[in-house]
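Order as written gives the chain letters A, B, C and D; numbering starts at 1 within each chain.
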Amino acid sequence: MRSNEVKNRTSTDVIKSLRLITAIKTPYLPDGRFDLEAYDSLVHVQIENGVEAVIVGGTTGEGQLMSWDEHIMLIGHTVNCFGGSIKVIGNTGSNSTREAIHATEQGFAVGMHAALHINPYYGKTSLEGLISHFNSVLPMGPTIIYNVPSRTGQDIPPHVILSVAQSPHLAGIKECVGNDRVAQYTMGDIVVWSGNDDQCHDSRWDHGATGVISVTSNLVPGLMRDLMFEGKNPALNSKLIPLMEWLFCEPNPICLNTALAQLGVVRPVFRLPYVPLPMAKRIEFVAIVKEIGREHFVGHKDVQVLDDNDFILVSRY
Amino acid sequence: MRSNEVKNRTSTDVIKSLRLITAIKTPYLPDGRFDLEAYDSLVHVQIENGVEAVIVGGTTGEGQLMSWDEHIMLIGHTVNCFGGSIKVIGNTGSNSTREAIHATEQGFAVGMHAALHINPYYGKTSLEGLISHFNSVLPMGPTIIYNVPSRTGQDIPPHVILSVAQSPHLAGIKECVGNDRVAQYTMGDIVVWSGNDDQCHDSRWDHGATGVISVTSNLVPGLMRDLMFEGKNPALNSKLIPLMEWLFCEPNPICLNTALAQLGVVRPVFRLPYVPLPMAKRIEFVAIVKEIGREHFVGHKDVQVLDDNDFILVSRY
Amino acid sequence: MRSNEVKNRTSTDVIKSLRLITAIKTPYLPDGRFDLEAYDSLVHVQIENGVEAVIVGGTTGEGQLMSWDEHIMLIGHTVNCFGGSIKVIGNTGSNSTREAIHATEQGFAVGMHAALHINPYYGKTSLEGLISHFNSVLPMGPTIIYNVPSRTGQDIPPHVILSVAQSPHLAGIKECVGNDRVAQYTMGDIVVWSGNDDQCHDSRWDHGATGVISVTSNLVPGLMRDLMFEGKNPALNSKLIPLMEWLFCEPNPICLNTALAQLGVVRPVFRLPYVPLPMAKRIEFVAIVKEIGREHFVGHKDVQVLDDNDFILVSRY
Amino acid sequence: MRSNEVKNRTSTDVIKSLRLITAIKTPYLPDGRFDLEAYDSLVHVQIENGVEAVIVGGTTGEGQLMSWDEHIMLIGHTVNCFGGSIKVIGNTGSNSTREAIHATEQGFAVGMHAALHINPYYGKTSLEGLISHFNSVLPMGPTIIYNVPSRTGQDIPPHVILSVAQSPHLAGIKECVGNDRVAQYTMGDIVVWSGNDDQCHDSRWDHGATGVISVTSNLVPGLMRDLMFEGKNPALNSKLIPLMEWLFCEPNPICLNTALAQLGVVRPVFRLPYVPLPMAKRIEFVAIVKEIGREHFVGHKDVQVLDDNDFILVSRY
């Protein structure tokens, strides 16, 4: 189902060279539909601050809470509005091979530049099954594979990656297992992005990682740009660590969603099963913003604590 | 769910000015999925021959046989690949107001320039219901309303159009009822496109129609361009009438699908309930092509009769 | 995908013998979801009054406004709750052969006793295409074919019916074209149900129809039972004609929906594109109920005119 | 959306009393659709051997590879065919609260007797989010909560269970964490089913578990019946341990799928990402069957090794 004409088709090499990729937040209207105006503003700020690519509908962007038509629409929308300024990587992975194939075909058809693929979480499979799964989608275009055992319940071992790396479309690995694994891949000339913001400085400068697929860059894109582009900077890294620790005190994107609402750049709307952080943690965030400097964060309004009843939780949408 | 950033956003006035719009064919692979490479070629030829817009997933493009995710994907794909060269009008209409709203939001989000809306066929509704239906989608962007009682079982009377014409987004009407109705609208400064190829020459030059939404232009885009742009030309019109009559000897797009397969530009694959024309009619088409001149038709291969068993009919896809 | 075990599997002969079939209304909650409690009550009253079968999600039940999962769920629900007391006929027809196949497989899998199939409305097809369409679904189980050119824009001619009648699963035809057509079929031993309430008495007693697929029986099931079972009764028929004429003064089910709300048996909730009848027609209905006798109508509350703002119209659900 | 009429509605107490529940396999046709005839036979054998309930579309039944309409159809089908003989528990859980709500409403509407709910795998959430998630579905009917951190990446801690146990609909917990956790619950009068076949004997007889939700009972339902009903039997347990170990040598249901194909009761069709066990493991299974005795296993054909190319792997279906 490939097209001859896909505009802005991107080579795998271009994907391999990206250093700062944001797993972009999906903001919602009070009825739970996408708030595309807020989304456009978020992506715009990413571009202005030098972010090179976005993951659309990643776990951070809550792809797991989207219907597939919403998901593909958001990829197509992002390509259509911003595809000339930033690379668009669609999270078209699934624990169902059928769904991964269908979504990836559709994502490339609407112009995404690369696909992000996860191993089959929850249902899991054998190592041979993993290889079959990835090989079902790799022929379609540039691909990043995402390894996050704390979510999937199953590590993708290096020999599986080596097997699928025979495809010229494998751009690299988003790796969350730690810097030893990162180094193991980069020594073998496999491109790696850190999937852990608090490790990414060391991954990049000490272990050969090309960059990061970041949650934190939703909040401080300029500082994350510095961290990935301007050379080793332990001082900046240390300055950001408290923010990063706060950001992962609950399963992501709970903290990010809360923070962006406090910064006034998204409506305080949560799709269940996500719920906002409690008051005490929101107060902490205000202090963290002041410590790092409001000017480094996205948005222009004062950071707020918000009341519990400012938040809207939606379960039917 | 509107975005601030939609690229190539088109004013209603631009849509109103279009003279030649093709209701583009959707070609299929042998398993019934879209054949995007063939599709891209079809659109490409339309652009080269001066066609100004395409209807994606119209009745000609078999939107009625698509799942909505396929349909929106095809709109997004067309925008992404060709949106700078041709206007993309998504047929996001439905007999279900819910579906029409959802599809139209998604279509504009992925960048379509205008929507085509039908009155609720089959289920039908009251005139007040018609107005509510159209007013549910008109706020989203430039809109063409399609009146074809022979398909819907219900004429949209002029006073319904006058009511919804209060929206600045109403670009005009695709009207199939005939030239008296066309004249009635154009005298009232409502833009009309003929929905009947065999009437469109007279609609355009004698009754004030702006142009045509054409099936025939899938086959002879250059001649249809001449017919709509180069002034009154009854000789050309007469020359095309036998083709047009052949093209509607069975419910559209049965004949168009058969013809494009005979011209070698699409695979001979039909999604049921459409089936190819019988041999005798296919032989007729070869003669018509020779009479008009192969060079005026799309594609470069010799026109063929094809055998019955060249055709593939798919019911699960 | 047939099962060995489907409970209550019904022979085509049993379907052929049904005289009174109600195209049952689907009631809604204020948010537009199904109101299953109200639905169960409606079906219950049908059973108590001797109705022998229901069409689930017909045009009256607004199948055209359902997602397929809702539609199949409602069929399964009806079978599960009432399948021992009344025959459940799922309207699993579609203008897309793929959808008709998928829905019909699922409907029989959840236990429906027969399928209702329409010819491809709106998209239409050739006569050969019609035959292919029906033959794609007939092998699955007992089938009624529905001919209603005023909705579909295309009459199913008798020779198409004769062709598909070679299948032992064809139970018969729901025919709306008139009593000459009814007689033509019944003389050829093809079972017919009238699809027009105002003609059904004559169809049944003068033209050989087996019975009726009725809208009116939603309101006065007992009287419709008398009309179909107790012999020729022009007096009763005349008494009901004003109700039937009122009931079809706008495209069905607009009037039925309004009437059931006025009778207090469903919430006054409309899914667009349907909107309630205006006040003047609602006042008429109250008079009609009084003329025929409130006790013959479903429900126990006083019939009400209702205020315009009692009605809730939903477009997203 | 609850109904007044749901047939066979089951009290939570009845669900609490079930000792042997099979997580039933879903068999496929060569094109990947459900093989309902094979499915019916599998359920039939379960009933004959005294199994009291089935989980439909669990991880064993590959609910994660179903579209929701398939999944609800299979629940409705099972209720319709077997609901009088065996309890039908639908796995209507999801990591999306919206999907869990929608599927659970539909499942109860088509007559399932209880729902199985998982915590949000992969996307995960906070403990407060977990409670909100479960409380969104508990009002709908009898519910079993499933805790399997090796698949979900997140343990459901006991205080979350205690919180949601305030609902009268909580039937109990399918617990995979081990017998200490089992004992902790049963001492607090919370019903537990073991989710680990190799521990279930001890869970049942030493730690207060009510029974097991079993994979092994797909193969040897009668022996599992003995294990759960006939008192402590370490000899039988020991006899079954090699089978159980073999059955979980790869992520379930890879081994079960392979075994049932070898026993000749399902076609050797796998939906990716599942792939069959290699030859060596299949040979092992033949030996295990002979050791335990063919007569204790489902089916009547000789157990076979099968060739690699007997297996069909489907990725589009």
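Structural remarks
Here, a contact is a pair of C-beta atoms (placed from the backbone, for glycine too) under 8 Å apart; a residue touches a chain by one contact, two chains touch by 3 or more.
Model, not experiment: these values are computed from the prediction.
With steps allowed only between chains in touch, the distance from subunit A over to subunit C comes to 2. Among the other chains, B has the CA centre that is most remote from the centre of subunit D. Distance from the subunit B centre to the subunit C centre is 34 Å, each centre being the mean of its Cα atoms.
Taking each chain's centre as the average of its CA atoms, subunit B and subunit D sit 50 Å apart. Averaged C-alpha coordinates put the centre of subunit A at 39 Å from the centre of subunit B. The set of subunit B residues touching two or more other chains comprises 316. Chain pairs recorded as touching, per the definition above, are A-B, A-D, B-C, C-D.
For subunit A in complex with subunit B, the residues that touch the partner chain are 1-7, 29, 33-37, 39-41, 43-44, 68-69, 72-74, 76-77, 79-83, 106, 109-111.
Per the touch definition, subunit B reaches subunit C in the complex via residues 59, 62, 64-65, 95-98, 101-102, 118, 120-126, 128-130, 132-133, 136, 149-154, 250-251, 254, 271-275, 278, 313, 315-317.
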